[in-house]
Amino acid sequence: MNKVVANAQEAIKGIEDNMTLMLGGFGLCGIPENCIAAMVDANITGLTCISNNAGVDDFGLGLLLQKRQIKKMISSYVGENDEFERQMLSGELEVDLIPQGSLAERCRAGGAGIPAFFTPAGFGTEVAAEKEVRYFNGKPHILETALTADFAIVKAWKGDPMGNLIYKGTARNFNPMMAMAGKITIAEVEELVAPGELDPNQVHTPGIFIQRIFQGAKYEKRIEQRTVRQKN
Amino acid sequence: MNKVVANAQEAIKGIEDNMTLMLGGFGLCGIPENCIAAMVDANITGLTCISNNAGVDDFGLGLLLQKRQIKKMISSYVGENDEFERQMLSGELEVDLIPQGSLAERCRAGGAGIPAFFTPAGFGTEVAAEKEVRYFNGKPHILETALTADFAIVKAWKGDPMGNLIYKGTARNFNPMMAMAGKITIAEVEELVAPGELDPNQVHTPGIFIQRIFQGAKYEKRIEQRTVRQKN
Amino acid sequence: MLDKKGIAKRIAQELRDGWYVNLGIGIPTLIANYIPQGINVEFQSENGILGMGPFPFEGEEDADLINAGKQTITAMSGACIFDSATSFAMIRGQHIQLTVLGAMEVSDNGDIANWKIPGRMVKGMGGAMDLVASADNIIVAMMHTNKKGKSKLLRQCTLPLTGVQCVKKIVTNLAVLDIVEGGFKLLERAPGVSIEEIKAATEGRLIIEGEIPEMVIA
Amino acid sequence: MLDKKGIAKRIAQELRDGWYVNLGIGIPTLIANYIPQGINVEFQSENGILGMGPFPFEGEEDADLINAGKQTITAMSGACIFDSATSFAMIRGQHIQLTVLGAMEVSDNGDIANWKIPGRMVKGMGGAMDLVASADNIIVAMMHTNKKGKSKLLRQCTLPLTGVQCVKKIVTNLAVLDIVEGGFKLLERAPGVSIEEIKAATEGRLIIEGEIPEMVIA
C-alpha cells in the first residue's frame, strides 16, 4: 500500500474552490507548511477552513487570508492576527468560533462515525444558541455534531508509505483527529521512512486514515512566542 | 508525584462488595492478572464487572466467576466460558451485552466527560430497546451513555511512578479507555521504570488517569488459541 | 458445490487493491489465504491491529499479539497497533472498505442474525453489531443451509438481529447473491449446482433474471 | 494592595500536593513560579502536554514544544504528550484538580466573561469554555477593577459569557472572595486594603461577615 506522492503540488490535487478543509496545528506549531504554500500558489478560493487558529499575518493560514482565499474560518482562537480581525469585523470573513475541546471532539467524532455527542462546554453562552440542551447527573450539556472535511491536511514528524504517522512534541495537537475526519487526508512529514521502520506500537495515526503522504521541504517551523530563561 | 504501591493487595484496598469495576483486556490478552488474583483472595463479592470478555473457566475473570464473586457482567463477548454460560442461563448472573465498539466508546466517554453520544451500532436490535433513536444524514443512530466505575484496573507493559503507561501489542485493547473512566484507576505493569525513562512522546496513557501503580509478579500471560504455521 | 475454502476463494475475488478489510471469525478468516496476485490489502482486527500477518512459526507465538478470534498472529511490516476505541473509530467511521462475516440467518431485505440463540447460545455480539451497522460493503460468508438442512436465507430472520438492512452480498456453498429491492438476486451458481437446488435451499424471495452463470474459481 | 505577582503568590497557597493544575494565560501563568515548598503539582497545558516545565534556556527553544500561550517551554522528567482530544478529555472528564484563569467580568452568581468584546475584540474562547464548564475547582485571577476603574465583580456580566455559575473563588489585587449563595463572600483583604475600598470596587452583592483578616503572603 503505497500512498506516497511527489510533493505538495501533487498532494493538493483535487482541492477545489469552495471546499471545506481541516488543517492541523496549534498556533504555528505542527501546521502543514508545504500544503499551505501550495494552496497559496494554486489560488484556490472560497475555502472553509477548520483549524484551531488562523495563523499570524504573514505565516500559516494568514498567508491564505492575505490573498482572500478563505471564505469562512471554523476555529477556537484567532488572536494575534490583525488581517483576520480586520476581515472578520468588516464582515468579509465568516467566522464560527467553537470551544477548543468541542472542536477537537467534533473532529474526532467526524472521523469515528459518531454523528453527535453531549458536552457541558458552552452551556449558557452564545455557543449554545439553538443547540439542544439536556441534563445528565443534574448538569446541563449541549448537543454538538461531528465535523468532517473534503480534505484534511496534517503535518507529522515521521511517516511511512502506508500513511502511518508519528508526531513530535506538542506539534501533535489537532493533527490526529483531523487526520481521521477528512474524506481525503493528506499528510506531510519531515521524514518519510521505509515500511517497517516505525515501531507498530508507537504509531500515533494509523495509516488507514491517510490517503496521500509526502516528505515536505524546508520546514521553517516559526516560533510564535520565543520565551527563554537565563542560565545563572 | 509518586503513585507507587507495593503490590496487588495494597492496590485493591478500598474495593468493596457490590462495587462496579472496569477491567482491561481482550480475551486473556492484557488482563490485570495480579489484581484479579488478589480480589479472589480477598473474597470481595457482589461485583459488577465491565470487561469485554469474562475470561475462561480457570483464568482471568473466570476465577472470580467460579467463586461467585460477580453479580453482573457488562461485556461484549462471553463465549469460551462454560461456567459463565451456566450461571447466565440459570439466572444466577446478570449479564448486559453491549456491542464492542459501543463498549469501548462508552468507557472513553465516561473518562472524557461526554455523558452520551449517538452511534449506529445496534439500531433495530435488542440493544436499542428503550434507547432514543435519531437520524443523522438519513441513517438511524441510537443514544448510548457513558460508563464509569468505582475502580478501573488496567494492565500495561511499562509504567513510571507518575502513572504514565505504555502497552505492548494487542494487549493495549480496552486498557487505555478504562484507565480514563475509573474514579480510582489501578495500573499493574510488567516493568516499573524510573521517572524520565519513558519517552513523553510515546506514552499511551498519561499518568493523570492513574491513581495507583505497581509492578506485578509472575505474569502467566496465558494464550487462549495457540495458532502457528509450520516452517517449510 | 463449494466447501468453506471455496467460499473463501470466491470472496477473495471481490478484493480490490488498496482496500482495508475486516474478516470475521470462521470462513471469513480463510480469505486471507487466497488474495489474488497483484492485489494488496491490509487486514484490520478489531482488537487493535492493522496489518495483521499470518500465524507465527511454532515457538514464536507472542501472548501479546492476537486477533479478534484470540488466535496468536504476527504483524506485517508497516503494521500498527491501537486501542479498541480507535479500532471502532475506523469501523464506525467507514474507513474500512470491506467487512466479511458469518451469519446464522440473513433475510431478503438484508437483516442479519449471528449473535444469539435465546435460551441456548449466549456468546455476545462482540464487534459484529458495530461492523454491520457501519460498513458500506458487507459480504456474508456462510453455508446456504444449517446443519438440519434448513435454509439460512429467509423471508425474515427468526433469531435476534445483529443489524437491519445492511447485508449487500452473500456467498454460500451454493451461490453468490446480492440483496436488492425485492429479495435475493441470484448472480452465480456454485460449480455443479442447479438453479433448482438453489431455489429449494432458499426460503426468502429469490430473484432469477436471465442466464445465471457458474462461478469461476481459480 | 497586591500586584500581579502578589495575586499569583496568594493563589499558589491554594495548591495541594499531587494536584494536576491548568493555568490560563496572564496572571495564572505566574503561579508556577511560587509553588510552596513540599508541594508537588503537575501543570497541564491544553495544547497537549502534562508535566510542563519552565522556559528553555536561550538557544534550546524547540518549535515543537510550546504551551497554550504559544510560548516555548520545556518538559519535566515524567512528562507526557497527547493530542487535543485527549487533552480535553482530561479537562472535561474532571481529571484536573484546579483551573486558574483570568476574566474580564465575574458576576456574583459565578458567571464569567473573558472571551469577547462585541464589535471590538474577537480572539475566540480557546479552551476557556471547556475549562469553566468542566472544572469543579475554578479560581479567577484578575484585577478588581478594569483600566477605567470600573468594577469587574458585577451583579450581572455585561459581556458575552464564557460559562455560567462556575467560578468558586476570586483572587484580586484587593481581596480573596468565594462565590456563595447570595454573592461574593469576602474572605481576606489584601495587605493595607480596607473593607471600604473593597466595597467601593465591588459592584455585585458583597457578603461581609465577622472579622475579615488581612492576607498572609510569604
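Order as written gives the chain letters A, B, C and D; numbering starts at 1 within each chain.
Criterion: a contact is a pair of C-beta atoms (placed from the backbone, for glycine too) under 8 Å apart; a residue touches a chain by one contact, two chains touch by 3 or more.
In this text the structure is predicted, and so the values were computed from the model without any measurement.
Colleague: On the document's contact criterion, could you list the chains that touch subunit A and likewise touch subunit D?
Modeller: B
Colleague: Between subunit B and subunit D, which partner chains are common?
Modeller: Intersection of subunit B and subunit D contact lists gives A.
Colleague: With centres defined as the mean of C-alpha atoms, identify the chain lying farthest from subunit A.
Modeller: Between subunit A and the rest, the longest centre separation is with C.
Colleague: Could you quickly compare B-C and A-C and let me know which has more C-beta contacts?
Modeller: B-C
Colleague: Please compute the C-alpha centroid of subunit B, do the same for subunit C, then give the distance between them in whole Å.
Modeller: The answer is 28 Å.
Colleague: Provide the C-alpha centroid distance between subunit A and subunit B, rounded to the nearest whole angstrom.
Modeller: 33
Colleague: Roughly how far is subunit A from subunit C, going centre to centre by Cα mean, in whole Å?
Modeller: Their C-alpha centroids are separated by 36 Å.
Colleague: Measure off the straight-line distance from the CA centroid of subunit C to the CA centroid of subunit D, and report it in whole Å.
Modeller: 55
Colleague: Do you know which subunit D residues sit against two or more other chains?
Modeller: 49, 75, 81-82, 85, 88, 91-92, 134
Colleague: Of all the residues in subunit A, which ones touch at least 2 other chains?
Modeller: Residues 105, 108, 112-114, 119-120, 168-169, 200-201.
Colleague: Name the shape of the chain contact graph, picking from line, ring, star, complete and other.
Modeller: Other.
Colleague: Which chains touch which?
Modeller: A-B, A-C, A-D, B-C, B-D
Colleague: Applying the document's contact rule, which stretches of subunit A touch subunit C when the two form their complex?
Modeller: 1, 108, 110-114, 160-162, 164, 180, 195-196, 198, 200-201, 203, 206-209
Colleague: In the complex formed with subunit B, which residues of subunit D make contact?
Modeller: Per the stated touch rule, the residues are 18, 20, 40, 42, 44, 49-51, 75, 77-82, 85-86, 88-96, 134.
Colleague: Taking the touch rule as given, give the residues of subunit B at its contact with subunit A in the complex, in rising order.
Modeller: For subunit B paired with subunit A, touching residues are 105, 109, 112-120, 134, 136-137, 139, 141, 145, 166-169, 200-202.
Colleague: Using the touch definition from the top, list the residues of subunit A that touch subunit D in their complex.
Modeller: These residues of subunit A touch subunit D: 26-30, 52, 75-80, 85, 88-89, 95, 97, 99-105, 107-108, 119-127, 157, 168-177, 204, 221-231.
Colleague: Using the touch definition up top, name the residues of subunit D that touch subunit A in the complex.
Modeller: Residues in contact with subunit A: 45-49, 54-73, 75, 81-85, 87-88, 91-92, 111, 116, 119, 122-130, 133-134, 160-165.
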